[in-house]
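In the two complexes that follow, subunit A is the common piece, with subunit B as its partner first and subunit C second.
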Partner chain A sequence: MKPQDKHIGGTLNRVDGHLKVTGAATYSAEYELPGMSYAVLVGSTIAKGRIKSIDARAAERAPGVLAVITHFNSPKVPGFTPTGKDPSQPQTVGGRLKVFHDDLVRFNDQPIAVVVADTLERARFAARLVKAEYAAEKHETDMSAGLKQAFVPTQAKKNPKSPVADYVRGTADAYKTGTRRLEAEYIIPTEVHHPMELQSIIAHWEAPDRLTLYDKTQGTLATRRDFAKEWNLPEENVKVIATFVGGAFGNALHSWPHESAAIIAAKKVNRPVKLVLTREQMTTMVGYRPHTWQKIGMSASADGKITAITHEATGQTSSYEEFTESTVQQTRMMYESPNVNTRYRLAALDVSTPIWMRGPGEATGAFALESAMDEMAYLLNLDPLEFRLRNYTDKDPENGKPWSSKFLKECYQMGAERIGWNKRQLKPGSLRDGEWLVGYGMGVGTFGAHRGSSKANVRLLPNGTVVLQSAVTDIGPGTGTAMTQIAADALGLPPDKIRFEWGNSQFAQAPTQGGSAIVNTVGPAVQEACMAMKEKLRTMAGASNAAFASARKEEVVFADTYLTLNGNPGARASYADLLKQTDGGFVTVESKPNGENNQKYSMYSFSVHFAEVRVNPLTGEVRVSKLVSCADAGTIVNQKTAGNQMKGGAVGGIGMALMEAAVMDDRFGRYVTKDLADYHVPVQADAPAVDVLFVNQPDPHVNALGTKGIGEIAIIGVAPAIANAVFNATGKRIRELPITPDKLV
Partner chain B sequence: MNQFQYIRPSKQQAAIEAVARDANAKFIAGGTNLVDLMKRGVMAPQKLVDINRLPLAKIEHENGGLRIGALALNSAVADDRQVRERQPLLAQAINAGASAQLRNMATTGGNMLQRTRCPYFYDTALPCNKREPGTGCGALEGINRMHAIFGFSDKCIAVHPSDMSVALVALDATVLVSGPKGDRRIPFADLHRLPGDTPEKDTTLEPGELITAVDVPDGPFTKHVSYYKVRERASYAFALVSAAVALDLDGNTIKAARLAFGGVAHKPWRLQTAEQFLVGKPATEETFRQAAAVAMQGAKAFKHNEYKLKLAPNTLIQTLKNAAAA
Partner chain C sequence: MNTEPDLPANHDEARRNFLKQSSLLTALALVPGPVVEAAAQNLDERVASAFEKVPLKLEINGKKFKLDVEPRTTLLDLLREQLHLTGTKKGCDYGQCGACTVHVDGQRVNSCLSFAVMHEGKKITTIEGLADGDKLHPMQAAFVKHDGFQCGYCTPGQIMSAVACVREGHAGSEAEIREYMSGNICRCGAYTNIVAAIQEVKNGGQKV
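The block that comes next holds the complex of A and B.
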């Protein structure tokens, strides 16, 4: 490829693809350190109460065991202040679980001990020998009980402008007086992220005050901050390495008890400690999408204009930590309606703390809103696409601001054409393929085009390679690949001359990977750092070369071993000479969002998903036979990795719609779906070839690259598209996910 | 994992003696279920007797039937030309089970002897009479969506998870067993048992008895057969309900039928009354509906599996239709 070719918008293969498929990529559990020891957590078998005693004698005597740590003998963690408030009172914001800190059990399978041994097998064996006695108390894990005591999130009480505070436009609950109105409740169960890679950490105290963590995390700096605080260390004394992350979907956005436990264990045994959760512990110890109850009230005029929407949602949280998400946000801004109000509440139960799961609250909320849109269209005898067009908004109805860009209408058109929407019949149950009923449905998704602040480091090596460094992680979307493309274009170099290094807290500051914000945020920093380095090198060359001194940085060309100028090939400054100067080409740049633009514009990515399903009328089996996902996500940096991300989100949406549910036996407060045989995620046979279409129009206001982000909108709206298609096929409206055969038979 | 002994005898008799004289010994073949249960702490044998060196993997046709060795891999059986031609129902049922990777490890004998997937059986922190007699049945008043509607007791409402066994019980197979007291033949329908008061016992095998082969008699069921499995995803999931149907048709008249359900009882559930009902009747949807109603006589649901009272007959109707159209 010629260096002047544009790489942004291309199809560069993943820069780490070869490492990954050959097994050469090192994930956090795969590092080997001298003197490594292995830790296995013991979970509580009650959901609430106190630990009366722990008999660890047999475990301590077992071969190879180095330590059994419980709250009776745990090293003191300076950041664990005494638990002050009564954990049975849910009205506190609370904080992360302080592992091995007190005798309280707050959820079933809470870590109550960690066994450290010289091999994993010996640790696992000894962990089974640890016996606890409890004084059990009455627990509550049943959402229907939680709903009765739902409360306003503390942050909303403190700040009425909080995104989770009640919102009213026009008149609250105005739908109740509408003549054409509906009111319906929608439920999603607890869903679990279950990335392929298990949560894992190696904790290594390199000195009594210096800690290195090889950790599965989405944010190396957030992890550093949390554990520096926990151990009262300066942040620079904590190093976090997360070069490769085998999927996360949000469950590595938080710091969890197993991480604290590994660090405590490493302190106690004075050796590096490796701790890998079991698949079962992935259900209980590292968050989940919260069980959420929602109600939508909607009214519309005879000509298909929405006159009012009310969206209520209550999400589950733990008794010790308030977790909130933007479940009702899409309702505030998606459709033109003079009257809109939202209410978001929490239900605190004796369970572990939830965490954002891909598409976070918006995916949950879109199931309710987009199902209701379909219900209202049916009530009005309107095509659901036409109904959405009649309520399309050209500015943000929540705040009256213009959109930074919005091409959702274009998405509607492209997607409808690709799925064959014209085949859809208004009357459910009209289409068949042999014995199977056929239906079509659509669902819309949106997510804020967030951009934060970020730095990037860049330096030139004498061989002409450019090295960039960022603390950002790459949990799978291809961040390293996109950044390589952005740098290649900024410098006019081929991608193989760029080396982007990531996943290390010692690299330049970058935010946690999440919320679809990384290309928006780190991309500009990379671009600006490259431009700054170019200018710096030009200036350095200009000190002894008048041609460079008078050139503009846009004219600078990176040749194999020297810098030259466009249109003046005689001008040469060798890298070797330039780099003899003290700091070489090293540049650090900080890139910040444009505050003025943020004030002026409302910034969102948009998507629409169209589903074609087949339903067996006898057995209630649902097969998604076609899925078309269209995205208005601004500039698409890499068609291949972006397409891949969209497909992954769509498949996740199939799981959400048709099979994913973590089921708890409330008598014990204990999940009964803890492995991948019982907790179903889609297999290859469940996923049709997903058609992905991008509008690919740059957004002029989010950043100079024109990107808006796609990670979340890939899944937001997929589940209702499928649920709506099931209704179109069968006439059965399923308002509680997942849509399993028992609900249709 | 607990410490255990591991031996790998090359003589069948030595393997049988090793298990017969040690109550804590277990045979192991593919290990796709036993190893899993050992890792979860559900089973803790002190001795594993690996039978993979025994010459029990042959698939042969002799004396009017197929003889499938106990160590024949699930994938080998499903792909075997003789099996596909003479007993296509069996091939279909095997391929409906597990995943390709598991079928490449799992054996014929092991598939029959896999334990239930009831979550209470799998979690040592929850009660289960099958795992720990006397602790109670967790599923009875708990989460019982996947559980039995036939043949259960108040001690256990778990279901048998095998697909292959559903076809074998329908096809009148016979299990060949070798034990410390000699060899014997067990009609397939008598291999698995109902839970009664002793749900810890899955089968009628005596201590030390080793399944060496299964015989599947030739029959007229080479064309109009269907195995249909309703599950929560397209592959790699246990059945909500499955049905095995083999029909012998004369024109549109049913000369003979073999029917069985999976996912409804502690054993693969043969439906002989419904089979008899079908004989001499036309192969129409109406007939199938009536047969399905007959098949469901005596079914009873729990809190979460009421849907099976409708899904099971509907699945049977769908499977009968598929078989008739095959």
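The block that comes next holds the complex of A and C.
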């Protein structure tokens, strides 16, 4: 075995596993600072209007209260400059909510005050004493009303090549003239990320112009940039720590009102302020997968070739920020079809701003597209797998470029075999197991194999330990573990000699964790930094040792306390001596995205999910009895953590398909599903044993590691696989998620 | 349902409010010296401590604690905010997610749903008290081996629940484990691996 193959592809246990199982992993609300104070937010009780008055007297007098901050007395935030617009007019393209900046209420439970006290109990009590009076205006939170005023996103107007701009290949709406055609509407409700860790922040002004945030974020640098801007500070004056992030699934990709509020509060009381959201506030103010209406029109020839697809989507956004996502992207590139067109619109409502949720727009889009594929297969009397094979593409039909790699056919085959696809009956409702109806369904997922730019910082310690540092976060996929494996192989060291440190804005630049891009992006930087350090050390050793001077870096071997050469154990250069020659032994390398390859190839990860469901015809209960997820995600760095991530995506897909929905009471513009008793997510008893299969073929073009990304394709396509299986079991086509029992009886 | 008054009716709080109001709003000009002095010496806080807090004895992870806590403080907030035992997690505060699971006299309990003062004299075990020094409890080791987590936030609660699940005799089959572990939500969806970890411990015959 070559040393560089030793750890990549293996099953290394998580490097932070010990910390996580002993309770020693420190999440953002768990740092101890002297003088800690506690903040509790007070939310508006109307969805739209103006704050007439806030009576904070009782709260201010309550025991232990340090401050009650509202827009009447908030410290001025320099970044909250006036918009210059008529403030009575809602913004259509705007920015983040300016907390405690004006009297406007833009959504229900918008923070209108924050109470800071010396203990959590006192802050919570006092927050209930704050009373506000409003001049309420008529709000609109009903999507059906929003749809009537749907508009083209500004981003699409500015850039016709944007993924949310209208797209036409061949003739638009050509399906309407097809003889075998379907037209159907698909709806997903608002879904909430609900990571187990509540959104939390500790804001600490270490000096009037130096801010430290222990914050739940997916991007330490993005958070640093946002709040440096908000407070008009140089970025280096803001430090963001996010070592452990208790899940996020997208909701920590944006900076939110509670973060601004905690920073304002810390400024006001001149003490560190800890702010932890409640579960209800996780619904109302830190993003969600937007309620989305979609329509698919599709036509096909008698021999099962798609002749046209039209995909329309309208997603919900807030009145003050335009949030867009790639809902219609999969339709443009997944299947061969001479005529494809997509339209994406937004509906602005009096709600808080949505944010990407795992498998962002694609998971929403795939529910429509992959359901429609199933419907068309039935129309053509074809096996849905066969129908997909007949429309398989060997190059990207959107732009004619070759795929950097595509092993989706292999996925189809592996998955079909594992689920027992041959047991599936074409005629719905024809398989039974006792009282249960049994059905099989499939759904395909894809997501861009993105690679951004990243740096990595590496240094050797005298004891032979190698320390790498990156600003990247690890929200759960096992980034630290994968990077340790990559470094171990690059250096020929055992993983316990590598220490990968992450989650700190002062470490080497790395992108925000999201979009399945971290191993693709930070992985090569780590690899290149390790190789560069090896070469640097060899050169340094070569200054006094001819053997090193003439050696290649591939021959360099890291022994316990000295550097040596493969095949020449006599050549030695002690780390202590080498490190004397450097300023701390740091090597920083910047790894750039592969610009040229991006132009030449279309880069995507692919997945297919097969579901076996049991439906009780009397109660309408759906049980997912088996789920097989197959992924073409390039090289799998860690079979254990990658497999886990796929299984988790599948469980998320079960939630999306069968239970998750944030229900709005439009009379008040407030969610009634305010906690985990009302908003259902899958629990142990809802999850089947998920089978995961990887093609595990390296992609030759994304990066030298061959990775493509897993996080998103783990969920994209799962919900339609289940919906299609429910149809196969019952003959009932459910086009509005979630598939709750009432829709089946 | 909500019977909380707008203002504290309690005599002691009222007294402190008087001190506070007096000192903060009008003290310097209007009130006599002793009140100003009382406020300056934080007398209101001292009065609060004496009247609002009750004594509480607990044994946590084998260590005895003599505490003064407010009756409204939950066991979870006591552990996390006052004793800095942050291994026990807050995921919902409503007993719906299980992240705060601890053992009270050997029973699994959602610490967010119980007030600290309800546990006078009881023995509490948290995730920090499960390992034997540096040696992981078999359930902790099995969670690492089977990768029974991703972000790790629900993990302490899962492990405390898993240990109890085995001790209760509710780990007889995969289906039984799934049923008796359904009070612990893992949003990352590591359920299959959690079951594998529990089964290994159950079948491994080690003392749990």
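Operating definition for what follows: the second predicted complex is superposed on the first by the 730 of 745 C-alpha atoms of A that agree within 3 Å, B and C clash if a C-alpha of one lies under 4 Å from a C-alpha of the other, contacts with A are read in each partner's own complex, and residues count from 1 in each chain.
Convention: contacts are C-beta pairs under 8 Å (C-beta built on N, C-alpha and C of every residue); 3 or more make two chains touch, one makes a residue touch a chain.
Everything numeric here is computed off the predicted structure, so don't read it as measured data.
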Partner chain(s) touched by A:663 [first = subunit B, second = subunit C, both, neither]: first
Which partner reaches more residues of subunit A (counting touched residues only), subunit B or subunit C: C
First, second, both or neither for A:45, with subunit B first and subunit C second: first
Which superposed partner A:677 touches (first subunit B, second subunit C, both, neither): both
Which superposed partner A:651 touches (first subunit B, second subunit C, both, neither): second
Which superposed partner A:500 touches (first subunit B, second subunit C, both, neither): neither
Contacts of A:128 with subunit B and subunit C, given as first, second, both or neither: both
Subunit B versus subunit C as contact partner of A:616, first or second or both or neither: first
Which superposed partner A:288 touches (first subunit B, second subunit C, both, neither): neither
Partner chain(s) touched by A:741 [first = subunit B, second = subunit C, both, neither]: first
Interface residues of subunit A shared between complexes with subunit B and subunit C: 121, 125, 128, 675, 677, 682-685
Sites on subunit A touched by subunit C in the complex: 13-14, 16-27, 29-30, 32, 38, 58, 61-64, 119-121, 125, 128-129, 131, 193-198, 244-249, 276, 278-279, 475-478, 640-641, 643-645, 647-652, 675-677, 681-685, 687, 689-690
List of subunit C residues in touch with subunit A within their complex: 4, 6-8, 13, 16-17, 20-21, 44-45, 48, 52, 70, 72-73, 77, 80-81, 84-94, 96-97, 99, 126-128, 130-131, 136, 140-141, 143-145, 147, 149-156, 159, 174, 177-179, 181-195
Footprint of subunit A on subunit B - complex, ascending: 1-3, 41, 117, 119-120, 122-123, 125-126, 138, 141-143, 145, 228, 230, 232-238, 240, 307-308, 310-311, 314-315, 317-318, 321
Residues of subunit A defined as touching subunit B within the complex: 45, 121, 124-125, 128, 435, 616, 618-621, 623, 658-659, 663-665, 667-668, 670, 672-675, 677-678, 680, 682-686, 738, 740-743, 745
